[in-house]
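Below you will find the structure I want to go over with you.
Order of writing sets the labels: A, B, C, D, E and F. Residues in every chain begin at 1.
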């Protein structure tokens, strides 16, 4: 049996967009270094940044039927997040599906598998993070699950969670944590302004962060070169 | 012993060029989802598209002598397809060989190994699909085989077969199938125009393809979210 | 215990810059096909070329404290070369550290691990060769070693050795060999000019290099196609 | 902050042991082809089979402190399931920790990282499924989380879920599903007895399953060899 | 469309068995270092050696229906050789299929994908070479091709070719070459007896093969250690 | 040019044998968690343990001539350590070379490439750690270097250094450090006896090591399960 869950809750788009103004690395730090999807997911073009609400999709190896099913559940602001039920690098997604996604306001695709038509997708400005680029076609015989909680590239993703993706990769932030992560991330960004100025002026990080005593306590020893 | 086979047949270039007007993904579908080379072969620059007739070359690990031998067999419109006899990521090919290839009308290189001088190759506009970029030099001590049937990146390639390569990867189409695959691919492209319009207008793929009954028959079930 | 070695010798920058005018593949050939770092180290943007003196740094998995320590040892012209003590793809380095590096005249980073903020690093024009791009943050709890001899991506690197890196990868040239490798590389480049002209004019490499007898002696045999 | 959750519920051991009498492949089928951990997790010795309740543990790269913390939470029948917060192959676990685990009734270890002392672990009969064997030592500086829901090798695992592991790999069965999966798996095993007898007697599967019509409907065509 | 080719020719079993008395490495050398399947195919138990005639089978990702179809084509002495149409590590094969294979005289399985029930297969003494061990189940929805020429693990295999597999891997020998390869391999084995005796007696290979002049000509230079 | 360095110093065999009585993991810890070769080097049979003095050998891809050259330099107690100049998985070594090695007192082989005849090597009791098992043959055309300092599997190895290898992997200990590492490793082993007893008696590691205060200081927090 394959399931589609309707009317799943979504994070408010204003909150999503505010998170999307911040980079993936900072958001990941702000939520305690959690929620990153595996670094093998790479964008098909760069630079790129997008934020949206997760529309989840679980597909069998070599079968993209569920992605077609997922479109019906799409709302503007969604990012479709696809995971295969066993490892697969086939090209599940191309420009026809992207055309359909864009018509429904979908902002991007995150897929732990392959995609194709990447020249067209780049021209269309439809951002994709994938494990592979592969022209290998897929069948439509087994519908998978849509809008169920999934594991994608090692991270747990639920429908409606916030996805932010950029040149550095993809992070998921749960609906419940979105507001607090935003606050922490903004604080972090604010703190970095002063640090950046000091570092640009040549101040050493180990002085700026007052680390010399800690380093010595941890055994750091300086010696002169003796050949 | 190493062999060079002379006077191998080639697909007509008009047919090759007609196939080259179509993307790899479509051609792969049109010939029944066959003939793709492994997705680990990636172009050194993007966007790119090229079509040509396979000039095959089999090389020992770390030895590129046979590629020099292959140039003599080259005809305008060829794409050199190189496979190592055991896995190797050395840089078999660089700008000097590319200069020689271009002088003989070779259109590109597909190699299940490494290449170097990729900045120069990019400037020269000589397209390459490879497993790796590596500056590692090779020797010239063992001639391999030229214009024999080979397996490259998991696909069987014969001299004169059609090679089409783009941002999505590389596909081989046999001499015998080239005309029929072209016809099927054109039909496929024509069909996609109307589909694209419908999808762009927001029609759901599952409606456009009339899939709802099939999906239900395969067990697809809709439920409302219950938290 | 963690060590920082002060006052390590460096290759003269004039020599470094002269080497930096030559590509990695040519330098690697000129020093007898030695000194390449593994081809899995890839630049975060292309095209790119940089040369500098190695500032070495050894870091625990998931801990970038030693990179902060390394900045104090930096001199204009250095390239920081970082190796983890066990394999790790975390994002050890981002734009704040790059800001600090640039303020101290560091020309680039070579790291057998991950980096993040690659969109910013690209905008800043700070070149990086890495194993991965990953937003995964690191801690500051264990200082590693700075300016000790290391193995990075399979190559032995000592402080002050010359590092040249471009689109093809990264090569290390020892302080002692820098001058002689420069001479050999220039000779090689000079020789290639005439070869390039001949090849561009359609001369076959096997004729230009006078290889036909050798090829026959090694068993190369020509046959006509028989279907 | 690092968390240890106390008093997490566990699946009843009688149920666990009944599931452990059945192989991983059958259990995975019985619960709808779900719950397998990635096939890169391999046993350090074979043959082997174990079942237990998941005691979850999340560790930083190169830091095994949380595994020491986990022992205090152990109850007889547990299998410790360890996931690193970023990919790592260090040797987090060896015979001293195994000695401690065995003293507390822990039945085995599943770890998406490396282990060491595998000769000793084999002699002790302590079963381990890991991503790697590596002597690389780890530090004790950052406690991770214990008995929180985790993702291990691509599968979501909660404290107290059933883990069954054998030569084929590792499967997780949720506490809620354990009884129903047991029933379905037993049914499946029962059905296989008759099938096995028929197949052993030479009956073709396509006849036993009555597949010939379906195959023809799906386009299966028989032809005679023509050379 | 999926094809089954009936009445494909097979190499004579007496010849197959004679080849099976010789190891894979020797046979591979005897046929000019050709025909090895990729070294990622590993036996599920060791030591092991088997020879047979290839019964080829091409399967979609995650679908093992064609393996069931293949049984009907089986003859005593066959080894089933399975390749997926795109990379897949699912467990296509287990003890029920092995039971069926054994009932029809099939001697083993070579599969560039995953298998399961390896404990049972080991007990049954049914030899398998695979890319992975995985409990992941497959579906029966798309019949693939049976007894067509395939590429498996980088090697071209035709129905009826000889497959020999042992602890070192898998080699394919074409029907046409089987007799000549046998002769050459036996000669090679005979030659090795005398060499083995000399080497066991302490004669240096470089003397036995009279290599010193060649080595000097290739630039080999001896120096004394100078610290 | 290829070099053979004669009369390189070796660690005293009594010291080597004393180190060989201790496991790789303990020795690696005793020398400050340094000197491990990459975990991708695996023994061809288990259990196994060997110690010896490194006889180093650098080989081109697909060419094992230097291994034949190395035998002349062999002394009883040596372990041959082979690294390819670029990554290669060919089968550089088999039972004939092992016969020759054993005749000269060589105790084992460590190779960052492939080996073959592993069934024979296992029967002969000749231990090998390799990256791959592959029947792929190699040529004898380019002598490499023998008894020069090399990098093997990420670790720097000099002729005469101590190599200890077991089921966990391979460690190198420099000639200069051998005695001190032995002392530290014995101390470490002695300390572990008491720890093992306590752990076996059920004492928690976090109590035995008195870690509770440290854990709390690092933020470890205990909570009760709340569903």
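In this section, contacts are C-beta pairs under 8 Å (C-beta built on N, C-alpha and C of every residue); 3 or more make two chains touch, one makes a residue touch a chain.
The structure displayed is predicted, hence computed values, not measured ones.
A.B. asks: Can you tell me the least number of steps between chain A and chain E, where a step is a move to a chain it touches?
C.D. replies: Between chain A and chain E, the shortest chain-hopping route counts 1.
A.B. asks: Find out how few touching-chain steps suffice to connect chain A with chain C.
C.D. replies: So the least number of steps between the two chains is 1.
A.B. asks: Return the chains common to the contact lists of chain C and chain D.
C.D. replies: Both-contact set = A, F.
A.B. asks: Counting shared numbers against all numbers at the contact of chain C and chain F, is it over half, same, or under half, different?
C.D. replies: Homomeric contact, same residues on both sides for the most part.
A.B. asks: Using Cα averages as centroids, what's the distance between chain B and chain E in whole Å?
C.D. replies: 28
A.B. asks: Approximately how many whole Å separate the CA-defined centres of chain D and chain F?
C.D. replies: For chain D versus chain F, the centre distance works out to 30 Å.
A.B. asks: Need the CA-centroid distance for the pair chain B / chain F, whole Å please.
C.D. replies: Going by mean C-alpha positions, chain B sits 42 Å from chain F.
A.B. asks: By residue number and range, which residues of chain C touch two or more other chains?
C.D. replies: Residue numbers touching two or more other chains: 1, 33, 36, 86-87, 89, 134, 136, 141-142.
A.B. asks: Write out all the pairs of touching chains, ordered by chain label.
C.D. replies: Per the contact definition above, the touching pairs are A-B, A-C, A-D, A-E, B-C, B-E, B-F, C-D, C-F, D-E, D-F, E-F.
A.B. asks: Hey, which residues of chain B end up touching chain E in the complex?
C.D. replies: 1, 32-34, 36, 38, 85-87, 149, 151, 154-156
A.B. asks: Please name which positions on chain E make contact with chain A in the complex.
C.D. replies: Those residues of chain E that touch chain A are 60-63, 86-90, 134, 136, 139, 141-142.
A.B. asks: For chain E, which residues are in contact with chain D within the complex?
C.D. replies: Its residues touching chain D are 1-9, 65, 68-69, 71-72, 89, 91, 94-97, 99-100, 102-104, 114, 116-119, 122, 132-137, 140-143, 147, 159.
A.B. asks: Under the stated contact criterion, what part of chain E meets chain F in this complex?
C.D. replies: Per the stated touch rule, the residues are 23-25, 28-29, 33, 36, 39, 42, 46-47, 49, 166-169, 171, 192, 195-196, 199-202, 204-206, 209, 211, 215, 218-225.
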